[in-house]
Amino acid sequence: MSFLFILAPLILLSALGAAALARPVHAALMLALSLAFVAVLYIALGADFIGLVQFLVYIGAVAILIVFGLLLTRPADEAAEAARSLRTQLFGLFCALPVAIVLLNVVASSPELDRAATAPQNLSVAAMGISLFTTHAAAVLAVGVMLTAVLVGAAMMIRDTDPEDLP
Amino acid sequence: MNPEPAVILEQIRAAVPAARPVLLRNPGPAGQDSILLDTASAQDVFRFLKTAPGLEFDLLSNLTGTDWPEPATAHSVGVPPEIPPPPAQGFLEVVCHLYSTLRREGPLVVRMRTADRAEGAHLPTLTPVYRSAEFQEREVFDLFGVVFEGHPDLRRILMWDEFHDFPMRRDYVAPDDYEYEPTPHEAVWERAKEHYAVPDGTSETGAPAPPQSLGLADEAACEAACSPLREERDRLSPNPPASDREVTP
Amino acid sequence: MSAPVDSLSQPRFVAGDNGDRLLQVSLGPQHPSTHGVFRMNVDLDGETVVRLKPVFGYLHRNHEKIAESATYLGSIPYTDRLDYICSLTNNWAYALAVEKLAGIEVPERAEYLRIITAELTRLINHTAFAGFILGDMGAWGSALMYAFREREKILDLFEDLTGARMMCNYMRFGGCRCDTPEGWVDRAKKVVAEYPAFLDELEQLLLGNEILLARTRDVGALPAATLLDGGITGPLLRAAGCAYDVRKVDGYGLYSRFKFRVPLGGHGDCYDRIMIRFLEMRESLAILREALDTLPAGPVINPKVKVRAFKPPVGEAYARIEGPKGELGFYLVSDGSPRPYRYRVRPPSFINLTLLEDMCLGRDLADVVVILGSIDIVLGEVDR
Amino acid sequence: MSAAPKWIPPGIGLLQGLAVTGKNFIGSFFRADRMTTVQYPEERVTLSPNSRNIPFLVFDGGDPDTGLRCVACGICEKECPPQCIYIVLDRDENGKSLKRPKVFDIDASVCMNCGICAEVCPFDSIFMDQEYELSSADRFKGLLFDKATLAKSATYHAKIRPLEAAAVAERKRAEEAKRAAAQAAKEAKAKADAAKKAEAPPTISNARPAGGSASPPDLSPTRSGQESDPPKSTQPTAPEEAP
Amino acid sequence: MSPASAPTFLETLPLLPQRLIGDALRSLGIPEAFAAAAETAVAAIIVFSLFAGMFALLSLIERKVLARVQNRPGPNRVGPCGILQPVADGIKMLTKEDVVPVSADRLLHFLAPVLIVIPSILALGVLPYGREWVPVPATLGLLFFFAVGAMTELSIFLAGWASGSKFPLLGAMRAIAQMVSYELPLILSATAVVMLSGTLSLPEIVEKQGGWTLGFLPAWNLFTPWGLVAGSIFFIAGIAEANRCPFDLPEGESEIVAGHMTEYSGFKYALFFMGEYLGLFALSSLGITLFLGGWQAPLPGLGFVPSYVWFFLKLAVVIFLFLWIRATFPRVRMDQLMRFAWMFLIPVALLNLPSAAVWHYAGGGLMGWLACGPFLVLPYLALTIHFNRKLAQSTRTYRFAE
């Protein structure tokens, strides 16, 4: 549990950095850092699998996606970003606040809270897999179909760019 | 294999009535006689030469300039007497060598002459007719100073943009200080030394001390040396000036 | 971004025709694959070329002006340095122009030697080309080293014959500077006989390679009429299917005596350009075999031509040869003095670049490098 | 090129390429003739006798000062395309030509080894060397070769270019013989004249220089022109003053 | 264990230092947790120094091999046969001026080369090098490997973006697109192994590849139909992940100078090199672990040789293959690279998963080969048809003019 007191401020600080830093790239990197800390937290709490998957998905894919988007944006936007006024910042805060309240409320009122705190059961990967493919099979299938569709779509998009020559 | 310029001359006269072509005899053993065109109808003539059946000179192999500051020399090399002598200050000439790949003929030598070597150094461009003239005309502009009217992108090509003279002209004098490295026995270095703030041109090793300044005494020269940097800076600014946009032909 | 200027290397964006922002990249003059100090200002949309402007002149030394202040003889060593891979063909083109200008006859043996050295030069150029273009495509120089190994053998022949490997300075007005040394013809025959085996190996390495196929097929193709309009000559033009070889058309030297074919491509893309050069090498080997076998005896230089104080009569002449890179021409005007009044090189490398932009538009940055490589330029000739 | 086969499985071209490079990889360990490079300072390729680099001046006999064949005619200086040769004619106190160079410099940093100087020299006195290790720490003076550096013996010439040297020696012998014959004829004629005219000193015998610097007959106009117009002796830069 | 296995002493030799230190600490009364941590640290240090040394060696061997392919002797001036060349290179790199462009983001510019080395080192920690030699035994080793590998892309992006220069920018764009695309087939091909091994632990995956088919053919995953496909995909995708020729587009020197490394010099540049080579080692090692039986001996009766020797021999062979390919092939183009990944590699990798399932239910053997055969043949057939269709469209014949 002591990990939480080290990691939580780090997560919060980097998340704050993500919100506050002027340059989008810096903000994106802070976001990635924050996500990485969350992954470390998972591992510290014994959920190795989830932690590593968090790493793989959020650092390896989500952060990269954001960053790749940034590569394609214009530096001129960046200058505008730097010059954003206090008003826009306040507006951002105003938007973020209700979300935070709702989230906190949901977590605090969750009946799982007590159970999770008392019984940190070490779920094996096998157990997780069994649960995924039995109780949650429908959801997994649906996600699988969707991802396949996305893959096919991506392939099609590449196909359209240049129908010429071979691999 | 060689085309008969005299025959082609007649064909030109028939096809382009406005043209006033003149046959120039080549005094040398090469026997490549040439056709001198007037500038007004030159493009039409070239278009005719390129497309007319039986001529089809589809390859402009070579386009270059010649500087004739002394009309007397020009006459000795092949200006026929029936041409009125050009102004005393001479003229610039553009020579084209055309080939027909279809009929495997060539070269047909065609020339054009400017009115003089200063303001009148204008000729019509051939780039719309022969694309291969594009860079060669730029080169002639760069080295001889012939302005090709209608050229899509007439800039200096071999010399740098800030260069002011036309080095292939015969009266071009190389600047004294075009190299500041000494070459033994090189009179150029002797003259160049005067442009640099070097006491005697040598240091202990025998190599020259690097010039303290560029030796550009006057403001104008300094301005000329700095302007490319300034332009570069201007170009880097977020809103590039309109001049940055190059014309795409 | 408070200051407008941070550094020159900073990504620079310019406006495109349709309002897109284009990344402006200066490829060169210091760039690994611009074959010297060539530079292209390329505007990129992503990695697609939208605009490409070649910039010349970094190696400009005003060769023509130098030649106009040198004697006719004194310019021959300078022609070596135009296209420094093919000094002998440069020599020949210049010698041919002077011979035309002064009406000089060339003895038969000298014509044979010229053909032999010129075809060996073509071999050198095309072999090196195959290595260079593979380097442009990112193969780590293996093909280049194989090519250079074979090139060495021909350079050894050149050294034996002319005294220098690259700056041969061999041809003279009315012939060649010196005769072949003892045993040279046999050595040349041996090199020529061994060359096809090397070509087989190189073709095996390159021509079936799927990556090379994918990189070069349908890249940089333009129709033959456009190429002709752009003044493009040599293997590039023939790769697009236009049968135009100055050796056949003009029949200069004694080429009309020799039996050889002119390979023609059908597509004009980079693959055809590579193939045409390979096929040309085979034809050159045929010419070489025949020329070496039938090399006649006799003098190698016209004794009537003066070495010192050579003065051609007043007049002008344009002569061209089929250089390995295209049509190499010299235009000379003589006013009767020992120095040319006007001396002009028609450089194939330079004029073949006229249509570079047209070939590259809409292609990738990676294709630009391959297309430039397939044009086969030497900056000594482009910038002169 | 024959038509491509109908059915090509993909990857064959790649494998062929790998086979070629693999063959070269293994071959490089076993076959010396495959190697492209020479390990330079240790190994050296033998130069062709025709190979040319920087020019040198030939002297006959043992003394480079007196034996120098060069007569400072200045033809090479004039013909040199990059103008890297610099000659000052040596004169005695009366200003009379001594037919030898006082200064003969070649700027190796400018010289492009074209060999035109050797080609145009009518006196067989300048030839192309095969020395290629010319680097110097001094960018300017180290690459300025003076007469002493350039002078090399005729034996050296015979060593690096036996054929050329033999031809030169043959030519010189023939000239010598011809000249001797001419001399003998003249002397005989003079003797005959003397016998006829009793007292008349022979005036011609001193007109030609002693030693091997006789000019071929076709070149006398150039030489005489040079004598009346000494080459650029007014130019101020002697090598020791040069920067 | 087979009876002819190597003596335990030899097998555990690489573990000797960590055991000695652990025992020493324990005998001093240090708490067990710290002693274990110290043991792990020592194990990691050994692995890291080993691979750092191999990096130095490889930088020489690569040049030697490339030179030999090109019929040159290669570096041979520093030390006997040039063996000290890496030292000279290191000194050179260290003494070079560290250039940072004015327009660079200084912090990120500094961070990028550091970040690029870390994931490779971390990944090397979980690999089983020998029967006993696993520096950090982790039950989720494979997942860990890919998770830390994700950081590489981020650091390459950092390098490209923070340089504030155009070639690095282009290089970074290429790198990210390429690595994201090729990570998919990489992971998918590894998934097949996980499916059949039923574990994410790398030592266990190797254990499962023990034994022999028909008495001589090792039971490596490569010698199964699905393993052959997955192994090939892994190899190709691995080349791309490691930015090696012919997929070295992010630093394609003939096009974009040096890609993301253009604006780096001195030691930072050396770090990039190190990161790249360590990544190459890590990927090759993983490939060996997954498909080539890890430390398992290639032939029966060779068990007396310490197992890690086999591992490193296999590593040497794989690395040589990388070098050989680099010496032969030209580089592909960006769109071709992407199309190859998305149109061929990923579909085949996906198709391979059912193939693995079929193999599992067919119980392997001849039955399995027959059942999986179509999965093996079909993609290649498709590729052949596609290739020949494209080729047939433009079969080139050349005319000759007389």
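As written, the chain order gives the labels A, B, C, D and E, with residue 1 at the start of each chain.
Note that in this section a contact is a pair of C-beta atoms (placed from the backbone, for glycine too) under 8 Å apart; a residue touches a chain by one contact, two chains touch by 3 or more.
Because the structure is predicted, anything quoted here is derived from the model rather than measured.
Q: Suppose chain centres are the mean of their C-alpha atoms. Which chain sits farthest from chain C?
A: A
Q: So which one's got more C-beta contacts, D-E or C-E?
A: Spelling it out, more C-beta pairs touch across C-E than across the other pair.
Q: If you average all the Cα positions, which chain's own average lands nearest?
A: When every chain is reduced to its C-alpha mean, the one closest to the whole-protein mean is C.
Q: How many angstrom between the C-alpha centroids of chain E and chain C?
A: 43
Q: So how far apart, in whole Å, are chain A and chain C when each is placed at the average of its C-alpha atoms?
A: Each chain's C-alpha centroid was found; their separation is 58 Å.
Q: I'd like the Å distance between the centres of chain A and chain E, where a centre is the mean of that chain's Cα atoms.
A: Centre-to-centre distance between chain A and chain E: 28 Å.
Q: How many Å are there between the centre of chain C and the centre of chain D, using C-alpha atoms for each centre?
A: Those two chain centres are 31 Å apart.
Q: Spell out, as numbers or ranges, the residues of chain E touching 2 or more other chains.
A: Correct list: 69-72, 169, 327-329, 332, 335-336, 383, 387, 391, 396-398.
Q: Would you pick out the residues of chain D that each touch at least 2 other chains?
A: As it turns out, chain D has residues touching two or more other chains at 1, 10, 14, 17, 20-21, 24, 34, 36.
Q: Give the residues of chain A that touch two or more other chains, as numbers and ranges in rising order.
A: 165-167, in rising order.
Q: Touching residues of chain C toward chain B in the complex: what are they?
A: Those residues of chain C that touch chain B are 4-5, 8, 10, 12, 14-15, 51, 53, 56-57, 60, 62, 64-65, 100-103, 226, 228-233, 242, 244, 249-250, 312-318, 320, 327, 329, 331, 333-336, 341-342, 344, 346, 350-351, 353-355, 383-384.
Q: Residue numbers of chain C touching chain E in their complex, please.
A: Chain C residues touching chain E: 6-7, 9-12, 23-25, 31-33, 44, 47, 134-142, 145-146, 149, 205, 209-215, 217-218, 241, 243, 245, 248, 261-267, 271-272, 275-276, 279, 364-369.
Q: Could you pull out which chain E residues touch chain D in their complex?
A: 65, 68-73, 76, 324-325, 327-329, 380, 383-384, 387-388, 391, 395-398
Q: List the residues on chain C that touch chain D in their complex, please.
A: 70-71, 73-78, 80-81, 142, 145-146, 148-149, 152, 156, 159-164, 167, 169, 177-178, 181, 201, 204-213, 275, 279, 307-309
Q: What residues on chain B touch chain C, complex-wise?
A: Listed in rising order, the residues of chain B that touch chain C are 1, 26-30, 32, 58-62, 64, 66-67, 73, 76-78, 95, 97, 101, 104, 107, 109, 130-136, 143, 156-160, 167-168, 172, 232-233, 235-238, 240, 244-246, 248.
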